[in-house]
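A short worksheet on the structure shown next.
Order of writing sets the chain letters: A, B, C and D. Residues in each chain are counted from 1.
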Amino acid sequence: MEFNVADMIEWFNKANEKIQENKAYLTSLDQPIGDGDHGINMARGFQEVAGKLSENDYTDISAILKEVAMTLLAKVGGASGPLYGTVFLKMSMTLKGRDVVDGTAFTKGLEDALAGVKQRGKAETGEKTLVDVWQAVVEYFQAGNITADGLVEVAARAKERTKDMVATKGRAAYFKEKSKGHIDPGSASSYLVFEALADVMKEKH
Amino acid sequence: MEFNVADMIEWFNKANEKIQENKAYLTSLDQPIGDGDHGINMARGFQEVAGKLSENDYTDISAILKEVAMTLLAKVGGASGPLYGTVFLKMSMTLKGRDVVDGTAFTKGLEDALAGVKQRGKAETGEKTLVDVWQAVVEYFQAGNITADGLVEVAARAKERTKDMVATKGRAAYFKEKSKGHIDPGSASSYLVFEALADVMKEKH
Amino acid sequence: MKKIINDPNQVVQDMVDGLVAAFPKTMKKVEGTLVIARSDAPVSNKVGLVSGGGSGHEPAHAGYVGKGMLDAAVCGEVFTSPTPDQVFEAIKAVDGGAGVFLVIKNYTGDVLNFEMAAELAEAEGIQVEKVVVNDDVAVEDSSFTTGRRGIAGTVFVHKIAGAKAESGASLEEVKAVAEKVVGNVRSMGMALTPCIVPAAGEPSFKLDNDEMEIGIGIHGEPGINRTQIDSADAIATALTEKVLEDHDFSGEVAVMINGLGATPEMELFIVNKKVQEILADKGISVYKTFVGEYMTSLEMAGCSVSLLKLDDELKELLDAESGAPAFRM
Amino acid sequence: MKKIINDPNQVVQDMVDGLVAAFPKTMKKVEGTLVIARSDAPVSNKVGLVSGGGSGHEPAHAGYVGKGMLDAAVCGEVFTSPTPDQVFEAIKAVDGGAGVFLVIKNYTGDVLNFEMAAELAEAEGIQVEKVVVNDDVAVEDSSFTTGRRGIAGTVFVHKIAGAKAESGASLEEVKAVAEKVVGNVRSMGMALTPCIVPAAGEPSFKLDNDEMEIGIGIHGEPGINRTQIDSADAIATALTEKVLEDHDFSGEVAVMINGLGATPEMELFIVNKKVQEILADKGISVYKTFVGEYMTSLEMAGCSVSLLKLDDELKELLDAESGAPAFRM
């Protein structure tokens, strides 16, 4: 795989579309075990991201990622704002100065993003957060042999697995055992982000 | 007609029964054009009246009426408390020292009661208040030839007539034209008081 | 009916006990009554200020008992004016020899019961004066009918007459300033939902999901006009325009944006934004603004807007210290 | 959804404007932000106190801005913690050279956003310290999880740390007293009805007519336990017992009976009656009681009970003057 500046922009445009389409769904996931704003938060943030990316010219992947990160940080709020902000800020730092990235570089970017969000959220896998989806995706990239369908499958499975977990981080943790049986909203939005990435990969063929 | 102490007590016991039975009905009349408490107010007051009358011995009609008046004054509240209080206080004053009353004396008592309540409420007939029922009943007594059925009929008709009136006194006055089409709650409770009186008259036969 | 209560018929008793327990240094219950008085009542040689009415308007009226405001509040049953004996107890409890002043909201029940109490007090040699507050412009003003209702503007009367009495003014002077406030205060309210009297258990009227009532009172009664729900700006404009039409407010005013019980404070501030814009447009300058729940109607959702035209005397009295828990300056 | 608003996506902006318009002498908006600061901020050589969080908790937090309490409040979207750039603006606006102290309610979002803002501020040479309030005993305390939520007890932190900062204390001293409050305050809440976030338009959970939720938070989230509605006495007992179990409150306490938004004040006083009885039974003496809406959840019906164990320092600071419109002493 190989991504250029246009691909990266396409990634976030597609992510935005998917998040807008799933705004109500993400919010509904956040109602039984949270405060019912995850879709609203993410939609507000990604809307702004798409706007920002369309306004400016970019020659550098890292600059795009930084724009995404700062926009999410300033617009999403809640827990997901700083977490998604951290994710893309870390990727931006790792991919500094590049106008094109290959699989290896992208994998390194994802690894650093995961490490960053774990540190920021003081979360590990199995705590029923978006970390679960990012961890699965990082491991998939690390294994090599990356396909669009494979990526979607891995992300979807990771998202579904959060359903049976007991939350120990974020608002859902207040519900302890009762948090079981509900998909984690942040995992669902992260799934959409990777589904968007897979769409871009597919289009490149 | 002729009433003794036992008849008077019977009057208020029956009035209490009817008011308790019609508590929800009186309140429902007070909802569209008032504040929905008339049944609650009257039931609280008459309950206490019945209790008071059963606790003490009376040899004097005026003492009974005064007990009723003071109890209603202290327990009903709202507009109807002072109005019903005034009615029975005035009757008590007119019938002072009597252990039995005939039609003439009772008519005088009703007249003074009506005058008192008009003065207290600054109300005339036609203003859609309990004055309308009391006025009709006083006129019926003044005409002589008093029967239980006649009394009920007169009071019922007067109550019904308030339905088409536009209120100019009490809370219903805030609704102006819109107060039309609803029976006045105070007229409905006064009707019950006279229905109770008619029941006592009937039993004496 | 969803309420945090024990017995629907005991709510006023329980509330009075809970209120006095909350502010034992400020207020006390007059034993055997539902009257709440200043803890140091009667204050000798001070005019005693008494108000009250049905309960369900909290913090009115008992929350306004305290130094510089009310000397006593009489708590009737929910939305039912208190009885003359109770009002009489309040008068006796606060009579410090300089007379007692009654602040009555204009409802037939309140007027009748307070008047009878005044007669009882005068018969015992206590000097009593009164003012009847009728600030609600939703209701037509007419001397042939019951006249206008007293609503949230009443709180300004409590505050200003209370400060006047605290300053050592005579009964006549307290009456004069109270009448000045009544002459210069106007209010209008609206509601999105009805409320439920505990003893009734049912709302007194129904509103569809897209309806609101304009010109609402504070006793759960229906309003004067039922319309489609409109924006906060439109609501604020409707209420404020009606208030402004009714009186000359040029100069300086105090503003009260009052919540009826269930309206989030956020919404009251949104209303306030527009009210202030309207006043600024008209060149009316705002001396002080009050936003919050001052005169409620149980858990009714809605609000009222009150304006009080000020002069130097009223400003000074409005600013004076108050020890009432629900009205600190 | 019945609300007095203009645009569901503009409620916070409108509210902030309406709030500043209500209290122009006390507070100002930091231009281009949703930060409300004391009108005289930054106060030189005074520790600046910043709090905030999602909106919808009014009067928290902006109503507590004023002399002797908060220097700034950051208003996030409804129930959504504000972003780091906004918090950073608040920090800059109140930095008078003696450092800035952050009062954060323990929610992942609030903690993360405030922490990132603190990092930004420190990078610019502003000294920042913080306390995380976690008074809600409904949630199990565990260092392996998110831990306990911050709810109404936070207002005591604002008041006491605010008074300490106003007295000229250092950043370390403010932090020490704030931590003392956090260590000694516990709360628990319950709700009869959910609430509706304007942008969502739907309640976040449903309750049957005979159900209530015990252990509710302040973000419209479901509670910890769903049960049949019980009497006010039973509710007061359940909340108070849970609070008392969690900490040694022997000695003197401050009590806060907080309404969540739609609960009539009458009901809060009914709850207070029982709470005071329970405390008296246990020999705990009450120094001061607060009854009203201090930390709400939009139009949720329900209440919370908070206890704060006091010592001489805390009493003095609790009693200190406050210029914040929503917390006058």
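Rule of thumb we're sticking to: contacts are C-beta pairs under 8 Å (C-beta built on N, C-alpha and C of every residue); 3 or more make two chains touch, one makes a residue touch a chain.
Owing to the predicted nature of the structure, the values given are computational and were not obtained by experimental measurement.
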Trace the shortest sequence of touching chains from chain A to chain B and report its length in steps. 3
Determine the set of chains touching chain B that also touch chain D. C
Centroid distance [mean C-alpha coordinates] between chain C and chain B, Å: 32
Provide the C-alpha centroid distance between chain A and chain C, rounded to the nearest whole angstrom. 54
Please work out the Cα centroid separation of chain C and chain D, and write it as a whole number of Å. 28
Are the chains arranged, by touching, as a line, ring, star, complete graph, or other? line
Touching pairs among all chains present in the structure: A-D, B-C, C-D
Touching residues on chain D, where the partner in the complex is chain A: 54, 76-86, 107-109, 112-113, 115-116, 138-140, 144-146, 149, 197, 199-200, 204-205, 217, 219-222, 224
Can you tell me which positions in chain A touch chain D when the two form their complex? 27, 31-32, 34-37, 40-41, 44, 73-83, 85, 120-121, 168-171, 173-176
Listed in rising order, chain D residues that touch chain C in their complex are 2-6, 11, 14-19, 21-23, 55-56, 58-59, 63, 192-193, 209, 212, 229, 231-233, 235, 257, 261-274, 276, 289-293, 296, 298-299, 301-303, 325-326, 328-329
